[in-house]
Structure formats: structure tokens, C-alpha cells
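Pasting in a structure now, in C-alpha cells, and then I'll have a few things to ask.
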Amino acid sequence: MIDVTVNGEACRLEEGATLSSLLALLRLEAARLAVERNRRVVPRNDYAGTLLEDGDRIEVVAFVGGG
Amino acid sequence: MIDVTVNGEACRLEEGATLSSLLALLRLEAARLAVERNRRVVPRNDYAGTLLEDGDRIEVVAFVGGG
Amino acid sequence: MIDVTVNGEACRLEEGATLSSLLALLRLEAARLAVERNRRVVPRNDYAGTLLEDGDRIEVVAFVGGG
Amino acid sequence: MIDVTVNGEACRLEEGATLSSLLALLRLEAARLAVERNRRVVPRNDYAGTLLEDGDRIEVVAFVGGG
Amino acid sequence: MPGGPLTIAGRAYGSRLIVGTGKYPSFEVMRAAHEASGAEMVTVAVRRVDLTRRSGESLLDHIDTRRITLLPNTAGCHSAEEAIRTARLGREAGLSALVKLEVIGDETTLFPDTEALLHATRALVKEGFTVLPYTSDDLVVARKLRDAGAAAIMPLGAPIGSGLGIRNLVNLRLLREAITDLPIIVDAGVGTASDAAVAMEMGCDAVLMNTAIAGAGDPAAMAAAMRKAVEAGRLAFEAGRIPRRLHASASSPPEGLI
Amino acid sequence: MPGGPLTIAGRAYGSRLIVGTGKYPSFEVMRAAHEASGAEMVTVAVRRVDLTRRSGESLLDHIDTRRITLLPNTAGCHSAEEAIRTARLGREAGLSALVKLEVIGDETTLFPDTEALLHATRALVKEGFTVLPYTSDDLVVARKLRDAGAAAIMPLGAPIGSGLGIRNLVNLRLLREAITDLPIIVDAGVGTASDAAVAMEMGCDAVLMNTAIAGAGDPAAMAAAMRKAVEAGRLAFEAGRIPRRLHASASSPPEGLI
Amino acid sequence: MPGGPLTIAGRAYGSRLIVGTGKYPSFEVMRAAHEASGAEMVTVAVRRVDLTRRSGESLLDHIDTRRITLLPNTAGCHSAEEAIRTARLGREAGLSALVKLEVIGDETTLFPDTEALLHATRALVKEGFTVLPYTSDDLVVARKLRDAGAAAIMPLGAPIGSGLGIRNLVNLRLLREAITDLPIIVDAGVGTASDAAVAMEMGCDAVLMNTAIAGAGDPAAMAAAMRKAVEAGRLAFEAGRIPRRLHASASSPPEGLI
Amino acid sequence: MPGGPLTIAGRAYGSRLIVGTGKYPSFEVMRAAHEASGAEMVTVAVRRVDLTRRSGESLLDHIDTRRITLLPNTAGCHSAEEAIRTARLGREAGLSALVKLEVIGDETTLFPDTEALLHATRALVKEGFTVLPYTSDDLVVARKLRDAGAAAIMPLGAPIGSGLGIRNLVNLRLLREAITDLPIIVDAGVGTASDAAVAMEMGCDAVLMNTAIAGAGDPAAMAAAMRKAVEAGRLAFEAGRIPRRLHASASSPPEGLI
């Protein structure tokens, strides 16, 4: 098991988890999101190939109303 | 002959002149004008029946650009 | 007895009352006042000689703070 | 002889010239001036001991009216 | 009186912009500006026919009077009597009882003589005129004009032709509070589009202007601007603006920052 | 830059009004306001997805992105670094290089930290962003932003959401004189339609607003008002207004009075 | 009329500030404020003596009438007739022919009824009064007041007690241009010191105020402020201000930079 | 910071008016203006001595330096480096650590380059200067200047020498709210007395001006006006003004009318 932080919340995942599997777990559609891993944006096409590691800090963001 | 004033100008007319004949003389169309005789407006329909008298003061006005 | 109105209030006075006696009765100093009798100002010097009559309307005014 | 620049003007001085002698030559009173030599301010008390060198760039300034 | 068209003396107008016919470089330019303005009412002046140098062209040849109502004015009159005579002539020439009543009290500013204006209003209302008086922004005068039977109040925003805009928003606001049963039409002073919008945002019912359009670099473009500005100001008035506050209020949410 | 459409970084937009997506009472109201505004660009904020209370609805379901370009902002960021991170996320989420760059320097006023803004602009331009920086009305800062590669200058008219309008017309005019090769987009401070018209009459190229529409009594009506006001102000700017004068200038001719 | 003292009806006053006697928290505070103001004329109201609850204290015990001229007003009067009666009573009480003539035309704004004011002015001038009429900023009315024999013109800057300052500088300037042979005294609307200075800078001859001082946190301090502000404004008017320009003009010389 | 004298870097000054020494028609006029202003601090520029056309007269012969503190400026400097050099020369010439720090970012407006200003402030504070920076009205910059050790904040009201007054009262008010531990001295833009009073009424601690006095028709009279205006504004600020209200509030009592 690995421990990662997603949007500031602690989250325990199985080893081998990828960004894709994390998003699936969270039931989030990749199409309208952006993801940062340890302060670097991960391109959408790399989600499947991005293996998560213990201690990773993940930010999952979307557009909301703003001015 | 009678002497009348039209728009401030002296004007000598034959006796028996009417407002209609004056306007015809001046080549003015009655449709778009208004006429005052001695400070009273003369209705359009009365032009033919309005006999001019010596000393009459006639004003013939029309619309011009204004604000 | 006569009935007069002073500043809108009914007031019964003895016959022969003058403006002077009225002011004395009201304990008002003439020096800083002005008096109207039936809508006419009464000069200060005439107070003593002004005999009040039944039905007189008297206004006694003074300066107050204003802008 | 040495060549220096004073307030942007070329100026030829004898070897051994000091800031003091330069100011004297220019008939300037030290009391109300400030002097820069090669972009560094020279304290008033050091004028006499400051030997000028070939190529020195001297600025002599004073207060003028300003806002 | 939010919503719906401008109503003057029981007649509805689709446009809240009233424009003039003076000072245009040509009749063609005027006609194009009128078209662009969308105005349904235009002011005209009453003047002596020039008996000597009569041009073939007449102002009325260039106004589509099927679509546009003529509003004869009494511009240039300096007494109630002159204004009344001019109004009567205007009615005869235009066959309509509308009059923009001006009684000028000062040559430099063209400010109205409100005392004489009141006399003329009373007289003309008795003769059946629909009187639209050009007046100051004094609400006490406005109430008297209303009581005299005026069909609207037409306060000036600034001197005629000055382009200074609405110089006293406080007075205009107080006027609007005081006069709720008649249209208020800002007449004079508008310089550019935002001036017209401001007038409408204050709750005025319409704006009347001449020089701002006729004297603009491109009168037709300015007329289009004024049309949109009047509509914009009216819509904003009806929509209800946000309150003013000294400090900021964020548009984006404070939560969820990375 | 009179005539023609608004051009930002080589792309033309038919509307000179840019609106926000925040603070609407509902998505339906927002969509109606967007429609009425005619805007072709809307700002959006970038925020963490709420992992616990996910509603089914997403902002993007309510924006017609075929017609409307998204402009992600960095609202709420207080340092160049945060703003840069947020801009990168916004680019990834929106697949576009546009960013409304905000680096906030004060919580009460939401005024920008122009020093940090400059650093962030330089960094993001190097990364290929089209940077639209929210800045003060300081023309010296604006020139540096231009030199740093900004695609437009977006000065505030007054604090965000304050509705105070353009508080310093002198500075805005001087800014326009100084910056002739980039669009100037007034961003923040507009309260009502005339404020937007004023900005355009000063020669600004566009206006960006959120609260003035979203917070109005009737957002769609106010959006329509703003659309017309922006068009009116632009037309008036292009038409060329009359000069201001202290004294009157008659609209009706002085000759021919009876 | 630059230079020298304020002259009203042939009498010179050393101070160009006229203050009121109403609304002070106490007579002591009033007296201190009068002292600090340097005023040589104060307004007073004429009211019925209260026959029932007569306090021992009288307003006049607290005004140094050797140094200070009383200016009775007709505040609260709504018709020419009431104002005339009140003026006559004031003359009898104060043994002086000065009157600040007010005929109120609206309760909410306390704006004058200028038509009735004119009638009352004509009547009182005939009776030998020195009439100082409280009027609007309408120069046409002002000319009529002058022709009726008024000794000064006293336009309001804003509603009495509103503290809004001079709301229409254009009208005040035009009024000053039109009335050069009588003092103009701004009466009503001043809120703080700069408002008084502005009035004087426009070339007005004096300022009259009550609430701005009596209602201030520290009336005596505000009275001192007003005294200095009136003097400052007058001096600035007489000195001749620099012209306004859009661009900068350096104060330090461009030559001789290191 | 109400009450008491102006304190800059621990030293108290009896006057809140700081004046310049540039642009006077003669030294005699300057001296008279200084006298009338009551100023205890005057700005001076640092310039190369003219080696060829040396007049016998020096500026310092005409300033009573026992009573008046010299404030050398860095006017005309366009980079931090130039400003620092000039400040050092000024200190050597004046034997005092005070400097009015200007780093100009634009020739037309003489607006400051706040980024460079900040660098120069940090450098000069380290060298022991008492830095009074001429800056914009941006409170974010002001906080940074404070954190850099500036002894006061000197925001411009309008371009130097423009006479346009305080163009952005909102920004000045927000600046005063944000900076409570340092004096705020409005520097530049004042045109006439009321402008100075307005600055003080906003709670600013002092006003600095040159052109408004030196360029006036009668500089000494204008200096006296400015002295009174600054005192008036300060007193009004401390006294506490009445609130603004739209409607009237009678000064005379409603009871007791005849």
C-alpha cells in the first residue's frame, strides 16, 4: 500500500496504482480535469502510464465559476 | 394698391389680394407653411377667403432644422 | 373680559388689557421680542398704547437657533 | 599632465592635482557642494587628500531649485 | 415607470431617444443619422420663410413623417408671448398639438426663464397643446409645470450644445423622486453615449439631443451609439444595478485553491 | 485601434465584452446572461475538485464552448509561483494557452501585486501562454507587461466587485496614450452600463466584468444592457464626440425668428 | 470682486464666513464654534415664544452682538406671505433690516420656490429690507432677484444639511459670470472644509453654513477649519491658480543631471 | 494619526505643508512664498554645477536653513542606480540623510517606476537614508515600501505639475486604510487650495507641492492659501465631518412657526 495526498486529503492506494486508476476510483472523468503530481502538471495522455508513489501529492482541479 | 409687410419686408399688392394670391405670388405651397396675420394664425382653409388690408403684418413660416 | 389668541392658545384677559400688560402677565421682556397683532407687527414703543380687543390674534416671537 | 572629465567636460590638469586644487581652480566653495569621483562620493574632508588620476570622471554638484 | 414603451400624452413611442434636425452638414447626413438613431420623434424649429433666396429643398422632404413624429420647438423665444405665437404657428404648420416649449432667459447659456415658461405652459395647455417644456433641474418648478398640465418634464443636463453631460446627478435623482406621474426627458447637455446612458440609469424616461449627434465626427455612427446607449441605460435601470462598495468582492470562490 | 473586431493574440472576437461565470444564482441564469451578453469569451476559475460532495453538474455543461472561448483565471493566487501553477493547470484543463493572470497583493481590495505579476508574465510567456494580466492603471507597469510579452493590458477601473466604475479617467487616458499596440481591456470595477460605455469611449478595446452582471437584479437584462453599452461606447469613440464647452451653442438657427 | 472685505449693502464684514445658530448640542458649544469661526454674521430663526415651558436661557445671551450681526431668516416659510410676515417680525425683534429670505418649495429637499421668492423679494425691498435670498443656482432667477433689489445672491450648493458639497460647479461658474455686481454667497450643502474652499475658488464672495459645523464631531474645531478653508479659497482665487494640464510638467530642471 | 505635529522618522514638524524650490520667477518670490507657506521642509534638486556660467547667487542663500529642513530629491533619475547616486550626492551636499526618492518611469507623465523605486529604497535604507519615496497610489506597492524601511509614503494625486488634484479618492482612502503606521504625504497633482484640503480630509498627514505655488499668479498669496488649506483640511479631518445624505435636514426648528 502507498499513501498519497489528493487535494489535501490523505488517501491509501494499492501499489501499482496509476493516475488513471485513481481517477476511476474517484469516479472523475479525465476529459474536463487537470492533474498536478508533486507540483508538475501531468498531461492527460500520461495518466495511464503515471505510476503513483508513496508520498505523492496530487491535485485534481476543474473549472468552476469565476470572474 | 395696399401696403403690407411680409416677414418684415414691405410689399405692395393690388386691392383685393388674398392670402392665397399672396402665397401664389411668392410661389409658396400652402401645404407646409403656417401664416400669421397681425399676430393671429390664419387656418390653412381660410387663406382664399382672407382679404388683405392696408397695413397688414403677415408672417409666413415653415419648419427648419432645429433642436 | 375679552378672549384673545396668543401664539395659537386661547387666553382670557380683562377689558382694558394692553400688549404691555399681556407681556407682563406672561413675564416676557419686550426688549428681545417681536409682536404681531392680527397679522400686523406692532412696534415696540406702541405696546403700552395698544388696547387689546376681543378676538385679537397675537403672535409673540423671539429669535431661536437656526441656519 | 593628466586628462580628467569634470561634469562631462574634458579638463587637463597638472600631475599632482587634488580635488581641492581642482575646486580652487574652478573657484568653487567646497561648503555647498558634493563631489563624485568615478561614481563614488568623496567626503568633503577628503578633498585635499584625493589625488586625481588620468581618466578620472568627476562630478561636482550643488542644490538647485526643484520640487 | 419601468417596462414598456415611452408614453407621452397617451401615445406610445418605441424609441426613448428624441433627436434634432439642426446643425447637420447636409440633409443626407441628417437622414442617415435619423435612421441610425431609431428615433420616432424629431424636433423642428419654426422660422420665417426666406422670400428671396428660396432653395428648392425643404427639411420635410428629408424626414419620413409616416414613421417620425414632428416636435415643433419654440427655440429662440425670449418671452411667453413669443413662445406662444411660435407654438401656434408650429401647430398650424405641423397639424399636431405637440410643442417643445422653450422660453430662453439667458443668451450665453440658453437657460430657460422658468417663470415665463410656466405662464406659457398654462396658456398653451388651455389651448389644447401637448406641452413638453424645456426647463431646469429644479423639482419645484417641475411640480408647477406638472400642475399646469405639462405632458412631460424636460430638464437640461447642461447648457444646450455644451456636451458637458449631466452636471447634477443629485438634482436629477431628486427630480425623479418628486415626479413619478410624468415622463422625464433629459433635454440638452449630452455629449457622448455614456451621458445618455447615465440619464436613463437615473430612471429618466427618454433623452433628447441634437448637437451631440449632428456635431459628431460621424453623425450616423454617433446616432447608432446613442440609440444603443439609451437602450443600455434603460435596461440597466430596469435590471437593477449592484450596490457600490468601497472594498472588493471576489468573483471567483475562495475555496478550493490549490 | 478603431474599426473592426477585437483582436487578441491574432485571433478576432466579434464582441468586445468579456464576462465571468461566478456568483450567478444558478447555471440557468448564467446561461441566459451569457446569451444576452453576446460575449465570445468567458472567464473561469481553476479549483480543486471536491472529492466528497460531487454534484453531477459541471460548469462546462452550461457554456456553449463552440461559440465561447474559455479564459481560465488565476484568481485567488497571491504569488507568482501559485499563479504560474494555476495557469498551467488551467491550460491542461482547457487545452488552450489563454490565461487571465491575477496575482493578488491585498485581500481587502484584491489589488494586484504588479511586481509579482511581471515575474509571472515573463515566465508564462516563455512557456507559450497568451497572457492577459489583471493590473493597476499604472502605465509604467503596463509598458513592462507589454515588453514581457503580455497579449493585452487589463487595468482595473475600481476594486473587483465594487461597482464604483472607472475611478481614474486621467490614468486610463494616459494608459491608452502609452499603450497603442496592445488591446486595453478594463477589468473590474464596472457597476452599471454607463461605466462600460465610459471605458470604451476612452478608447479601450474591451471590458471584462463579472459581478455587475451576475449580481444585478436581473442578470440577463443587465447583460443585454452591457452588450449595448459596450457597443455604444465603441461607436461613440469611433464616431468622434463633440468638444466640451462651458457655454451653450444653439441647435436651432438664430435667423428667421418671427 | 477680488481684494478687500465682503461688502453687503454697503457694510463691510471682515469675515467671509457666515454661520448658523441651530442644531448645536449646547449654547456653550455654539459660542465656542462662533468664536473659532471668526464669523461676523450669524443666522437666527424667528419662532413663537413657548408660553408654557419658558427656559430662562435665551439664544441672544450667547451671541456677542457687539461683534456679530444677526441675520434673521424666514426658514420654514412656504409662501411669500408667510415669509414676508416672518421677515417683518425678525426686523422688529432684531432692529435691523437684514433678512435671509427663504421660501421653501419642497419639504424633502428644502429647495426654494423661486417664483414666490421673487415676489417676496420685491415686496420686502419696497419695505426697505436688505434681502439676502436663498435661491437655486439658476442664473436667470438670480438676475431677476438682482433686478428686484436683492443685496446678494445666495445659491444652494446642495440640499440644506446634506453635506454633499457644491454639486454643480458649471452652474455656479456661470452664475458668477452672470452676476458681477452683487455678492454671491453659497448657502447650504457644505459638508467639510474643502467644499467651502471650492466655493470661494469659484469666485464666490462668502459661504453660509450651519449643519456642517453644528453637526460635526467637534463643532469648534470644524468652525476653525471652515474659517481657514474660506480664507484659503479666497486667497487661492485671488492668487490665480495654475492651469490644468493632462501631462506632467517637471518641477526640477531637466539640465545638469549627473 | 490625528492630533499633534507631523512626525517623520522621529522628528516633529510644525507644518504639514512641504513646498518646492523650483520654477519660481525669482529667488525673492520664492523666499516670500516660503515665508507665507509656513513650511519647515523644502525640496531641492541636485544638479551639476555649471562650470562656465556661474552666477554669484546660490539657491541656499535664499533659504533660511535654521528654520527650514532641506529635502534633496532625485528628480530626473530614471533608474535605481542613478537615483542612488543622486541621493548620495544630496546627502553629502546637505549633510542630512533625508531624501525624496524619485525614479521616473515615463517622461510624459513623470509617473514613478515603482519596481525600481523599491530597489532603490531598499538600498538607501541600508545605507542609513531616511527615504521618502514618490510613488503611485497603489497600496500594494506602499506596503512593500514600508516593509523596505521607507519613512513615509508619498503617493501622487495626479501628474506632477498638472494641477488636476487628487484624481482617485478611492485609492487614496484605501491607501490610508492600509498604511496606518507611516505618514502619507500627497506629492504631486495639487492645483489649488481645495485640492490640498481634500488630501488632508482623507486623513493624509501632509501635502508636498511645487508648481501649484511657484506657477500661481501670485506665489506668496497662493502659498498662504495652501498653508490655510492644509490646516483647514487637517482640522476638518480631526473634527469629524457630518455624514452625506441625499435629502435635506433643516437647520431651523420645525416647531413654533407663526
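The chains carry the letters A, B, C, D, E, F, G and H, assigned in the order they are written, with residues numbered from 1 in each.
Please note the rule applied: a contact is a pair of C-beta atoms (placed from the backbone, for glycine too) under 8 Å apart; a residue touches a chain by one contact, two chains touch by 3 or more.
The structure displayed is predicted, hence computed values, not measured ones.
Common neighbours of chain A and chain H (chains touching each): E, F. Interface comparison, B-F versus F-G: the pair with the greater number of contacting C-beta pairs is B-F. Inter-chain centre distance (chain B to chain E, centres taken as mean C-alpha positions): 33 Å.
Chain geometry summary: the mean Cα position of chain E and that of chain G are 34 Å apart. Averaged C-alpha coordinates give centres for chain C and chain F that are 73 Å from one another.
Taken residue by residue, chain D touches two or more other chains at 36, 59, 61, 64-67, whereas all remaining positions touch fewer. Multi-chain contact residues of chain E (touching two or more other chains): 20, 22-23, 43, 45-48, 73, 75, 85, 89, 108-109, 111, 159-162, 164, 170, 174, 210-211, 214, 246-247, 250-253, 256, 258.
Pairs of chains meeting the touch criterion: A-E, A-F, B-E, B-F, C-G, C-H, D-G, D-H, E-F, E-G, E-H, F-G, F-H, G-H. Residues 36, 59, 61, 64-67 of chain C touch chain H in their complex. Against chain E, in their complex, chain G makes its touches with residues 105-106, 108-109, 111-115, 118, 136, 138-141, 143-144, 158-159, 164, 167-171, 174, 177-178. Those residues of chain F that touch chain A in the shared complex are 20-24, 30, 43-49, 51, 54, 58-60, 70, 72-73, 75, 85, 88-94, 160-161, 209-211, 214.
Residue ranges of chain H in contact with chain G, taken from their complex: 20, 22-23, 43, 45-48, 50, 73, 75-77, 82, 85-86, 89, 108-111, 159-164, 191-194, 196-198, 201, 210-212, 214-219, 221-222, 224-229, 231-236, 238-258.
Taken in their complex, chain H has these residues touching chain C: 250-253, 256, 258.
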